[in-house]
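Just passing along the structure, written as structure tokens.
For reference, chains read A, B, C, D, E and F in written order, and residue numbers begin at 1 within each chain.
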Amino acid sequence: METRMQDRVVWFNGEFVPEREARLSIYDSSLMFGDMVFEMTRSFGGRQFKLREHLERLMAGVKMLRVPLTMTIDELERAVLDTVERNGGAMQADDEHRVMIDVSRGLLGIYRGRVDAPAGPNVIIADFPLRWTVAGMAELYERGVNGIIPSQRAIPAELLDPKVKNRSRVHYLMANIQVGNHTGADNRAILLDPDGFVAESTGDNVLVVRKGRIISPEGRNILRGISRAFVMEELAPRLGIPVDERNLTPYDVHTACEAFLVATPYCILPMVSLDGVPIGDGRPGPVYRRLLAAWGEEVGIDIAGQIRAWDAAPAPGGGDGPTAYRFR
Amino acid sequence: METRMQDRVVWFNGEFVPEREARLSIYDSSLMFGDMVFEMTRSFGGRQFKLREHLERLMAGVKMLRVPLTMTIDELERAVLDTVERNGGAMQADDEHRVMIDVSRGLLGIYRGRVDAPAGPNVIIADFPLRWTVAGMAELYERGVNGIIPSQRAIPAELLDPKVKNRSRVHYLMANIQVGNHTGADNRAILLDPDGFVAESTGDNVLVVRKGRIISPEGRNILRGISRAFVMEELAPRLGIPVDERNLTPYDVHTACEAFLVATPYCILPMVSLDGVPIGDGRPGPVYRRLLAAWGEEVGIDIAGQIRAWDAAPAPGGGDGPTAYRFR
Amino acid sequence: METRMQDRVVWFNGEFVPEREARLSIYDSSLMFGDMVFEMTRSFGGRQFKLREHLERLMAGVKMLRVPLTMTIDELERAVLDTVERNGGAMQADDEHRVMIDVSRGLLGIYRGRVDAPAGPNVIIADFPLRWTVAGMAELYERGVNGIIPSQRAIPAELLDPKVKNRSRVHYLMANIQVGNHTGADNRAILLDPDGFVAESTGDNVLVVRKGRIISPEGRNILRGISRAFVMEELAPRLGIPVDERNLTPYDVHTACEAFLVATPYCILPMVSLDGVPIGDGRPGPVYRRLLAAWGEEVGIDIAGQIRAWDAAPAPGGGDGPTAYRFR
Amino acid sequence: METRMQDRVVWFNGEFVPEREARLSIYDSSLMFGDMVFEMTRSFGGRQFKLREHLERLMAGVKMLRVPLTMTIDELERAVLDTVERNGGAMQADDEHRVMIDVSRGLLGIYRGRVDAPAGPNVIIADFPLRWTVAGMAELYERGVNGIIPSQRAIPAELLDPKVKNRSRVHYLMANIQVGNHTGADNRAILLDPDGFVAESTGDNVLVVRKGRIISPEGRNILRGISRAFVMEELAPRLGIPVDERNLTPYDVHTACEAFLVATPYCILPMVSLDGVPIGDGRPGPVYRRLLAAWGEEVGIDIAGQIRAWDAAPAPGGGDGPTAYRFR
Amino acid sequence: METRMQDRVVWFNGEFVPEREARLSIYDSSLMFGDMVFEMTRSFGGRQFKLREHLERLMAGVKMLRVPLTMTIDELERAVLDTVERNGGAMQADDEHRVMIDVSRGLLGIYRGRVDAPAGPNVIIADFPLRWTVAGMAELYERGVNGIIPSQRAIPAELLDPKVKNRSRVHYLMANIQVGNHTGADNRAILLDPDGFVAESTGDNVLVVRKGRIISPEGRNILRGISRAFVMEELAPRLGIPVDERNLTPYDVHTACEAFLVATPYCILPMVSLDGVPIGDGRPGPVYRRLLAAWGEEVGIDIAGQIRAWDAAPAPGGGDGPTAYRFR
Amino acid sequence: METRMQDRVVWFNGEFVPEREARLSIYDSSLMFGDMVFEMTRSFGGRQFKLREHLERLMAGVKMLRVPLTMTIDELERAVLDTVERNGGAMQADDEHRVMIDVSRGLLGIYRGRVDAPAGPNVIIADFPLRWTVAGMAELYERGVNGIIPSQRAIPAELLDPKVKNRSRVHYLMANIQVGNHTGADNRAILLDPDGFVAESTGDNVLVVRKGRIISPEGRNILRGISRAFVMEELAPRLGIPVDERNLTPYDVHTACEAFLVATPYCILPMVSLDGVPIGDGRPGPVYRRLLAAWGEEVGIDIAGQIRAWDAAPAPGGGDGPTAYRFR
């Protein structure tokens, strides 16, 4: 157990409970069907980034899955900010807040009124140090990662829509397990969809640079990431870099000038090779560098530097295996 | 809360805990990824039915998902039987034991040693009255159900294998939601796979009778149900009814002599129509009746009669919606 | 039989015949193979709308199916206008002319010279009151329709090209039959293609509004409607609304600001929900309203008002069932 | 017009009408949607062959398409036999009766009570000389046909089920058109389904012989022909030839010992090559000969000889093109 | 053997050898697996055209297939130019140089050090008269070619990427064989990909003109031709003709204003019909003419005229069959 | 170069040439298109095994690809036996003869009569020591291999039929390259077809044992191996082990009792794990052992023992990389 000034608390259906009490009944639909929509955010300098966009995506998922949630988006936002505030004393001074917002339909119908648990829906907001998630990643900003195309394919939207950020994702674990069987470090699963198009990583979006343009897979069989949108709709236009959505094949990645991954916790990382074959000259490229710098400016944080500082004094704990996937 | 002689307890990583304490951390992989394999059994006359077969399937899933479980199948069997015994006093005299066995990988790696929860894997064995699950179904043994082919397709095995009984199944909920939009009662989702073949219902296997033979979809994009195997490998041979596995299209169901669903809680129910069009003469057929009778003889229980008795004095509680799907 | 000033006549291979004589031999290829291309137009204030565009599409189909038609597009246009003129006295003063133009290859080869019917090709132009088609739709301009995604998929272009407006469309009926099994009124089939992309309704095109842009499915597995083209290439540009063609998934419709259907008889109708889930705020949106108004101005008719007037004094007759599909 | 002793009549909704009056309104659903199920039979020595099986398949289609037909199968059978009897005097002494039974839903809903035509359903039974259909085929019993795999694929059952014998089949015409562009005579379209499996010809089933066994494509993306069933379930067992259903690829046909087509009018014809490459030794094989002989014995007719006699004195008339497809 | 001033020589792993010695061991990976990447260029007025672009594509293929080539692109370019120079005396004065650059991995591993052949990789540069390849094509610049869609589909990129110009292409031969079974001359295979989209010919790219824009299939399941890029990125922009990449169906070609093929040896040829149905008015169109003229200006050669001159005095030799596919 | 008593010679279009002269022109269709069919056999005790079956498969491929070969199967057989005899003196006493038979269409048409090489077809028969192919494999008979499912899918038969043993197989190399990126030794690519069914390895067939039955993938998207047929049609029946062909998913392999690979050079090897997960108890199983023993008896050779002897005194030479794939 790492040292903490005070104990973290979790917002749980309107109350703050100790983290150890933040648990769900085994009869909950989330545990029965992976029936939960969620978001995971981060702060920069303690301030939540793109919180509203995260919550809008959450609400779209709630609607798609017909979860009878009565909280409004404003109430959710308020609860997140309260949770962050409440956990201020539980974090180290240099921590950033990683917030997880879970919405579950609640108890399966047959258990309602029969077992001793709230019927639902359940709304849970947890807050913990971002440094856990990004531990060991500092050097990847310079060294880059290697993409690996596993045998596991992305499930296409018509079967299980990845645009609804939900918990039915054991196939992501399978992809990570397959990648774990490869030689080399810093590997990352790059999922193809059943048409053979590049989809996404198991938690990250992929972007490539070709002929001076940033190109993203079409927003079809992927989660439409908040970081992806930030790069494509804000940072890149600001830097005068044109952006396209297209069907991308592995060839397009192999012959790209640059490629990178984007995700909320680390923002952006260079992908310098695919299946071991260098992309471009096999080193982080200029577009990546400009985006990382502009992102840092935007949020007032040296993004890689902050992680470097954390890695210099790593938090104790943290496990292994496919659920711990972190570019090692 | 229904009346109970004593409180039900749940086997939780080797200890018995009150049911209300049978909860999993929000950082558990099962809640993060739907990363849990499970089984749900039933008893006949208090005696677990095909428990070993259920546990063998569970162990196959554990292996496929690389869950680092250390318990053996014998230990699991022992724990199930202990749990049933321990809950004897918490059940009414005429109850049957519905046992749920969950195996979760445990805490995601990044939370291990950091949050106050066991690292995992987690093994959980819960036991509750079967009457909850089958409430209201007594009359269906005579009236039959209507299959509905929803727009939602079964996810094929190469993307997310239904033969591994896992919790990444929010698409089953989507199918139930779609069926819920149809007129009529006693509707049941009959999923097609992406090739247009009949796969399964959201928790039941489909069988049809054509020219005196029982035909099942090939065991490919379906869970290979224990009840399905019991019918195909034991009951039918005993009754001299030949059995085939084939690719089935809706036409084959529409033009079948009979169709039925099989599942652990209710054993077998006639499907008398598909999308509102009668199958055969639109009434429960002779093969169904022979199978139901033979099943009852085998286990020494009047299967429909038992449920009829429960329905005459329904248990309080039980909710609504897609998670409560029970042919109403 | 509704009251008529005079009897309607049909242009039939160059002659006008009474409507009851407008029949085709059971040996005609159209009845044998669904081997007929056709168009259905409407008038505004008695003047045919986009007649030339309809006929150009007809001629493309004639070419694709290798129908040995000898009439030119100019001759067809002339015949349509003659038919409309000839039926003027058979219509009520406030009627609009719904014209159907059928081209059939004619008698199957083996029957030529053997049965007592013209060898073909057959060209048939019929004219009847538009009010029949739009009966009961007046209130939908304010109430909107609910899209339903049936299990039936659109047949993709490589198997049976919907861009050739032909009569091999029993799968549209199947879709309507499936939708007819749903609760609620004003439902409308929204077909997905086998890739899971939104295609079209069974006779209407779908458009959505996202971030201020009108988006249409790519013109691939859909009929490229004349009304669709009018909105995308004329009305929208005139109103300064940008237009895109893209692959659309149900998620894109669910999370759109607005959605609407377009088709020749009613022009444009709001689709306010999909599978019962509200689109936007669940009410007709501003882009829809602007398009409807601009369309009315363009043709000099209060489009919804005209139908409202007809609905106030409905024509007798009109049947039921999947072939009568009209949002009821 | 060929010479006839008396005029042929058609059973039309319960009445006999002259053939020239056997026509359907242009507003009929069959002409609007290809919405018609049908059968085409033949006689041997004047006696209808497998009439009951044809009518059972017809009724299955009626059910699948939800045509509100009130006639029973017995009434249909009676009407067919009456029609044949009634047309006895209209046939030459050596003719066989080719009977076509059409069932259409009838007028589209919006035209009911508005146009001067029966509402429907329409049941039509026509009878004409089989010699029209088989004209010119006599020599093929010895010379065989050449299969050609066109670009057009069979539409799979999940999109438009070929097992429902319906009139939405303009894609069959497309296949015939494509085959018509090939060199050589006696060509016949062999459709692959989208998985690349051999499906059927445009009106005939394909069977091959491998290692002494007759193999048929699985009964999935094909019409399950009455002749096919007769060969597989009656003739072959009687001759001691084992029969299988399997997924067949072109390789399996190319490397087969024999291949043949079966269909109602001509019964069975050898397919001696595929895309110009000989099958076996490129000549009709022994299994084909045994089946043809046994078939003839069963029905008391020299099947090829009868057609040879007709070809010696061909009936006048008969046209050309893709609708006249008859191995020329 | 045609008359030559001197013998042609081939650059073979750094040495010039007589053409007859330019052979590869039967144990070479290229002969074992089709494991060879290659390019084929041409000169205009003796000067290599787009040589660098060809070599860049070659190097991308080398990288994708992990061929351990040590030569740099500059060295390759030098070797090509040397080979051309060296063969100057072996060509007639009006010849253009057709250069073939092959890179093979070399001997299969098990044969290395065991059979008497260089281990590899092998780099081979051959040079021969372009007139061989384009013999008989002069008249096609005015008459155009007929596209034929064969049954053989293009292999999609996820299975065998056509963007890597390699020698595993026996399916192209199959397509040519199928097209060879069609009536008519000047036929050319137009491959669809498995989605039914127009891909490419067996060595040429397809472009169409619709509404004044040049449209190419998306660069996905096609070789991204050097000529294609030259038209789309240089010639068309220079002429002010807009260019798009889109998914194209046969309907889009059938209803296009113009269509043409582009390839290195002949540059551009009109495709005036598809499956025998005229495209536009069935004659070479204005966009084609402008492109051909501009291309000629760009390279200082009357492209069609040069071939016309060669055809007037054809080179002896040249064979037949699917490997000789040249529009005859 | 290893020590040889005399030089090996190769049968080349009817003549024996030294191995170093067994080369093909760079203009040969085999080098241009991978357009070559071939077989590779082995001897037991110097006697060719199943030679006739290999040649029959070769001839089927020749027919499918329309290679205008004039040699008969008897002549081919004679030539093979002559080649073996002729090379007797070039082999060590304990060698077995690995014979490769190549048939190429020959020079591309445009080069015929123009370059100094035989027009073709080319028939080449080479003979070399089997020990090269099986070097290092002795211990695998006890240790088994680990199957790995790479991202590369098998190309399905409708696009490029693996049943035609041809040289367009660079995708096999890609699969080997991908497997080479995995940790562990003795890995072997197990290709799935695009439907997710187990197809084959890159040169071996896969068989599994379930419930006492040997199960093979359906013979669809695989080469139908001679060894596979020997096991399924001869050895297994002789041992009383039932055999089925079915669609196999990875789950079926993971949960099998045993799995093994079969191929001509090594006969049969146990596959003891798939993606690192043990199959059965992770050790060679009894069915494997019985088959290996029976095979050895049949051919009078201790199959594993022979290889063990060779491994004890390995032949010099032999390279590395994806073309040298041999379980290391």
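Details
Everything that follows uses one rule, which is that a contact is a pair of C-beta atoms (placed from the backbone, for glycine too) under 8 Å apart; a residue touches a chain by one contact, two chains touch by 3 or more.
Please read all numbers here as calculations on a predicted model, not as lab measurements.
As for how the two copies chain C and chain D face one another, over half of their interface residue numbers coincide. Averaged C-alpha coordinates put the centre of chain B at 46 Å from the centre of chain C. Rounded to a whole number, the gap between the C-alpha centres of chain E and chain F is 33 angstrom. Residue numbers of chain C whose C-beta contacts span two or more other chains: 66, 158-159, 177, 192, 195.
Taken pair by pair, the chains that touch are A-B, A-C, A-E, A-F, B-C, B-D, B-F, C-D, C-E, D-E, D-F, E-F.
Interface of chain F with chain A (complex): residues 148-151, 177-178, 181-184, 192, 275-276.
Of all residues in chain A, those touching chain B in their complex are 1-2, 10, 18-20, 22-27, 29-36, 65-66, 68, 100, 102, 105, 107-117, 119, 124, 126, 128, 132-133, 135, 152-153, 155, 158-160, 166-174, 177, 194, 315-326. Across the complex, chain E is touched by residues 192, 195-196, 246-247, 249-251, 254-255, 277-278 of chain A.
Chain contact summary for the complex, chain A toward chain C: residues 60, 63-64, 66, 156-159, 161, 163-164, 195, 218, 220.
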